[in-house]
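For clarity, chains are labelled A, B, C, D, E, F, G, H, I and J in written order, and residue numbers in each chain start from 1.
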Amino acid sequence: MPKTDVSGLTQLGAKVDAPASPEEAVLEKVPASHAGTDYVVRFTAPEFTSICPMTGQPDFAHIVIDYIPGDWLVESKSLKLYLHSFRNHGAFHEDCSIDIGKRLVDLLDPKWLRIGAYWYPRGGIPIDVFWQTGEPPEGVWIPDQGVAPYRGRG
Amino acid sequence: MPKTDVSGLTQLGAKVDAPASPEEAVLEKVPASHAGTDYVVRFTAPEFTSICPMTGQPDFAHIVIDYIPGDWLVESKSLKLYLHSFRNHGAFHEDCSIDIGKRLVDLLDPKWLRIGAYWYPRGGIPIDVFWQTGEPPEGVWIPDQGVAPYRGRG
Amino acid sequence: MPKTDVSGLTQLGAKVDAPASPEEAVLEKVPASHAGTDYVVRFTAPEFTSICPMTGQPDFAHIVIDYIPGDWLVESKSLKLYLHSFRNHGAFHEDCSIDIGKRLVDLLDPKWLRIGAYWYPRGGIPIDVFWQTGEPPEGVWIPDQGVAPYRGRG
Amino acid sequence: MPKTDVSGLTQLGAKVDAPASPEEAVLEKVPASHAGTDYVVRFTAPEFTSICPMTGQPDFAHIVIDYIPGDWLVESKSLKLYLHSFRNHGAFHEDCSIDIGKRLVDLLDPKWLRIGAYWYPRGGIPIDVFWQTGEPPEGVWIPDQGVAPYRGRG
Amino acid sequence: MPKTDVSGLTQLGAKVDAPASPEEAVLEKVPASHAGTDYVVRFTAPEFTSICPMTGQPDFAHIVIDYIPGDWLVESKSLKLYLHSFRNHGAFHEDCSIDIGKRLVDLLDPKWLRIGAYWYPRGGIPIDVFWQTGEPPEGVWIPDQGVAPYRGRG
Amino acid sequence: MPKTDVSGLTQLGAKVDAPASPEEAVLEKVPASHAGTDYVVRFTAPEFTSICPMTGQPDFAHIVIDYIPGDWLVESKSLKLYLHSFRNHGAFHEDCSIDIGKRLVDLLDPKWLRIGAYWYPRGGIPIDVFWQTGEPPEGVWIPDQGVAPYRGRG
Amino acid sequence: MPKTDVSGLTQLGAKVDAPASPEEAVLEKVPASHAGTDYVVRFTAPEFTSICPMTGQPDFAHIVIDYIPGDWLVESKSLKLYLHSFRNHGAFHEDCSIDIGKRLVDLLDPKWLRIGAYWYPRGGIPIDVFWQTGEPPEGVWIPDQGVAPYRGRG
Amino acid sequence: MPKTDVSGLTQLGAKVDAPASPEEAVLEKVPASHAGTDYVVRFTAPEFTSICPMTGQPDFAHIVIDYIPGDWLVESKSLKLYLHSFRNHGAFHEDCSIDIGKRLVDLLDPKWLRIGAYWYPRGGIPIDVFWQTGEPPEGVWIPDQGVAPYRGRG
Amino acid sequence: MPKTDVSGLTQLGAKVDAPASPEEAVLEKVPASHAGTDYVVRFTAPEFTSICPMTGQPDFAHIVIDYIPGDWLVESKSLKLYLHSFRNHGAFHEDCSIDIGKRLVDLLDPKWLRIGAYWYPRGGIPIDVFWQTGEPPEGVWIPDQGVAPYRGRG
Amino acid sequence: MPKTDVSGLTQLGAKVDAPASPEEAVLEKVPASHAGTDYVVRFTAPEFTSICPMTGQPDFAHIVIDYIPGDWLVESKSLKLYLHSFRNHGAFHEDCSIDIGKRLVDLLDPKWLRIGAYWYPRGGIPIDVFWQTGEPPEGVWIPDQGVAPYRGRG
């Protein structure tokens, strides 16, 4: 039996239909079992896609999320479904990236969180967006995300 | 409908002739929708080219721009056209790199901005130029640009 | 004859049966011979595997441990056997990673310790966990762990 | 005025709605202007996504297509729209990859064509699919696709 | 509804207990829908582990399998479970690698198959095993597996 | 005094204005001094740029040319100026790449020549073009061009 | 019980003193259990060291051995000890590399064998030695050794 | 006409004989046009060579110089000629590296300067030298030089 | 004549027998010619080998040493011979690494020194050791050692 | 005593003045001790430099030489001195590269030889030269030289 309390979850281990929009997606959380210990959890989502609000064309991004849990951990299956729910959602790169970060902050009330969104190039010039909730707490180890910079060809 | 107010734009979604010089290029901006949130936007432009003012030969650079928006975001299509406008413009590497950074500062009045310009080698020795408007504000996450150093051959 | 006192060891140089669980594994230690000198010891364990507590499927991780010895060094063969003992153990990624770190802290009472656990992707999204016991002591050299970020394909 | 005859195109330079399925997508072609010359054209599509027919979850792939034109070139904008049309299409990895290759063969009747589809991992194990129409003609230069193998973590 | 006939499967989409040994594992197959087309399917399994028959210690390998289907495709979930079933199985590196290849040949009767097994070092010296059923058929495209060679440190 | 006869050159060592178009560019050649020896000369031009004939926007490519000299070598400064002359020239990727190869074949009548043109992505999908004049002569060593494949982000 | 017959071994699983020279080292073999199957076994030895016969200074090499077994496999622990036995042995790079290959051929009578020895630079110029017993048999898969070329600095 | 005042230069745009020694080389400077703006200029010189003062053998280095201009920029052609002038100059690695840095400091009186000299290995062990004039001024952006560490072979 | 005073050296330029142990090795020093200038000297030794004190088997390490000279530089040939003298010396990884660092500190009385020792894996788990004499002096530039982390296979 | 007969050498183990030109350099050879065995010897010279015959400026190249010995091996110290002798020699890239290859062929009468010369860029465009004496003999293993292609910046 796992140490983590999973009793409040509705999606993990069940067959869940893909949510049709970020609004419909249900992000779930579980109690963090190491209360009093400050550590970082990193999710890497190389499969993010949304829709350009001006042209209707698909956009793609590689997204990395780091956070220091307070009382809660995000449940990873619900996170996956939430990220998939942007598939038919239209938003500018800057908005979309910040919205994901803020939704997680609202859910988890973490001690600290940051999101890096590395968008595929449009017009030859990719956009990256980097946001964190503020200076991280002292004494916590937070490695660089280390995503390779875009280099064109050659 | 996008969250970002695009009503003031004249170029996005329209067919626009390439501007003939940096002076003629029209850089446009949109209101930033996450006022009060300090995040970094990165543009990577691996397709920059200008003219050497002494010899008339083309120069090339890989350019990366990071900024923390204040009230404004630069509109990305207008940025692309502005960068293309250096195609027939003559300037020294140091001047050209700093001029781009300052033009964006004038337009956006950002909380902070930096530009890294990685020029292709001339005479076997490439020049890089690195400028920022000053120490970035506390608590904002700004990853390294991570461009690979020049290594010649082998 | 080695400088390090190995007289208290029961496993090194002997044939030892693999422990069946983390609880049964015997972590051993030897006196640190450079008392008064603060240095970092790093173990890299690319062969870690445990069991998902919800599905019974195997999980895999690449784990890196850094610590500054106090009076004790962990004996490396016993560490290897301890890590192997998770082979049939079920735990969430976050719990498992923190548990290993804390077990070593209990054993060694080090001046400082951190653990990075880089889990293989499930549902397309890998989880990393980063923990340290607090701000490292001043003047000790602790390089980045430098594990490459997950990138999907292409 | 371009050397290539573009008079038969209906999508290039126009605003086109995204096709809802591969069947609805209109792949277009232009006459190849270097008749009698055997060369290879390579398209790299790192932004491919479809739907798993069993679970409804999104799948992702990095796709590379090489072909030797006969009388026709595929028009690249229509190819982009065709690939985007799989966004809500359900198919197994093997079927989907071969279907794309065969659709292009039907359109272009090329002298030779191959497709490499590098799918993101599911269950820890990615699938790649490699197909070509047969031994390439003698004396044509066809470089390796050179996509990095999947390596998990570490 | 998928093009591929999945009616004969017993494990896909169901909860299946992990098989306790390779002998107990049930490898399943589906009819290949592109009969008459010779293409290559590649599985990459970076999470393989077995037991050393002499010492009882765990061994690890990165395994890549390429095959050209005849009438059948291996069902990927059953393949995953089969590979997991070596978790408590003792075998020499050479035997284990060849056994996996032969089991798949028996199941699928493919037109051609190869397996590359890249074992983690023991005693400082890793072993790789490379086997194929014979010269591949003419005109089929089979890229290199491209696994990076072992390099020790530095 | 150099072994190579440079007496027929008009541009090398002189100040030459940049030619305004490929037609105006003067490609020059010098006698090859190792007649009877078949070797390969490779030029790598990472600074190629032309104009899209449909939109007037700049295009960029990384170009690599390999050839086996017959009686002539191309003079490298004139080659550089010729490549620069595409700066304001409009052409499709496929045409432009093949045209450069054929111009060199007309000039040099080489025993063999190939050109690889690696274009920067447009619409997320880069095009590469690979052409050679035919099967290279027996016994000549021609390494792969080895340009890294395009990978998007992450 | 392992499938491979290990009854003739004297060193595996026993404590063995390091042999003082290649002549004293005992290379052992076991019967190959997949008779009639042609596959390749690769050993990678990044820890090879010998002595320069002219100066007495240590030399280092990264060595990779590939072979197709006939009736015998080399036992890996004895191979490790054999390679260690060159530690105080003086030989030129070319001789040393070929001697190792020939010793294995004498022991195993393999269907085919090759050795690549990648020596650390002396005087700025490293030597590599590549030998195989002849053209490999048809239809056997033998990947490149893929060792990175020496590049000096930068 | 360039923004930068080049009226005081004697070498740029002229044919200049290679100086025979560092003492004879004439380093030139131009006024910096962005007075009041602190930015970094980086020169990368992968083609540096000098002579070992003990043996007369050539030495090689990859050199990277970063500085923050005060009133002056170094003119890049004169820098190239100055670096070339070490070709027949004998000096220890440490001296040579520091001498270059100090010469530039004397010329430019920069706000800050550093030099990294990455020497090719002699006796298997390369030397690197790193010097800066002191702590850089606050708020200036100075990326790592990022030169790959030496790794021998494998 | 070199700027550096080499008059006190006994080994440089002479034929010297390899010392049989670290105790017998003679480490030599020369006066540092840039007194008052704080810079870093880095030695990279990818060819280090010693003996395991428990088993007599050879161990290998990649070692990097950084120091800020006070009045003395270590003479590089004597350093090479000193490192070679560990060839038949038995010591634990942690002891051996720290001993080298301390020996250099005793010899040179440097302003600061650090050593990174990256040991080849034993039992699948490599050990790294990192030590420095304390916080480096302000305003001195000390790049990361940047040695790639161990990654097993794949 | 080495297996290789070194009795005819005049430079190895002696202090030799650097030859002033390729003509003055004395290339020496030793009898190959493995007569009847066809293997490849590779020399990698990342430190090659010569003089441009038109401008007097230094040129640099990374050079790799592969050969199959007949009766002779080139002595490596004499090869190093020969390559150093180009330091003040003026030649075009193509001539210089082929001359080195032919000089070795004259000396050694090898069964086969090739040379790859990878020159540093001039005018933004590097030249590579690849030559071999003809098709290599059957059954000899000759790996790719694998030098990374030039990529400019980014």
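We adopt the following convention: a residue touches a chain if its C-beta (ideal position, glycine included) is under 8 Å from a C-beta of that chain, and two chains touch if they have at least 3 such contacts.
What you are looking at is a predicted structure, and each value in this text was computed from that prediction instead of being measured.
Chains that touch both chain A and chain H are the following: B, J. Chain C and chain G have CA centres that are 33 Å apart. The geometric centre of chain B is 44 Å away from that of chain I, both derived from CA atoms.
We define each chain's centre as the mean of its Cα atoms; on that basis chain A and chain B are separated by 27 Å. Residue positions 46-47, 55, 60, 62, 120-122, 124, 126, 144-152, 154 of chain J are each in touch with at least two other chains. The complete set of chain-chain contacts reads A-B, A-C, A-D, A-F, A-J, B-F, B-G, B-H, B-J, C-D, C-E, C-F, C-I, D-E, D-F, D-I, E-G, E-H, E-I, F-J, G-H, G-I, G-J, H-I, H-J. On the chain E side of its complex with chain H, the touching residues are 149, 151-152, 154. Across the complex, chain E is touched by residues 15, 17-18, 46-47, 49, 55-58, 60, 84, 87, 120 of chain C. Contact residues on chain J toward chain F in their complex (touch as defined above): 53-55, 90-92, 94-95, 97-98, 114, 116, 121-132, 134-135, 144-152. The part of chain A that touches chain C in the complex is made up of residues 1-4, 6, 12-13, 32-34, 37-47, 62, 64, 69, 73, 76-77, 79-80, 83, 138-148.
The part of chain D that touches chain C in the complex is made up of residues 46, 60-62, 118-122, 124, 126, 147-148, 150, 152-154.
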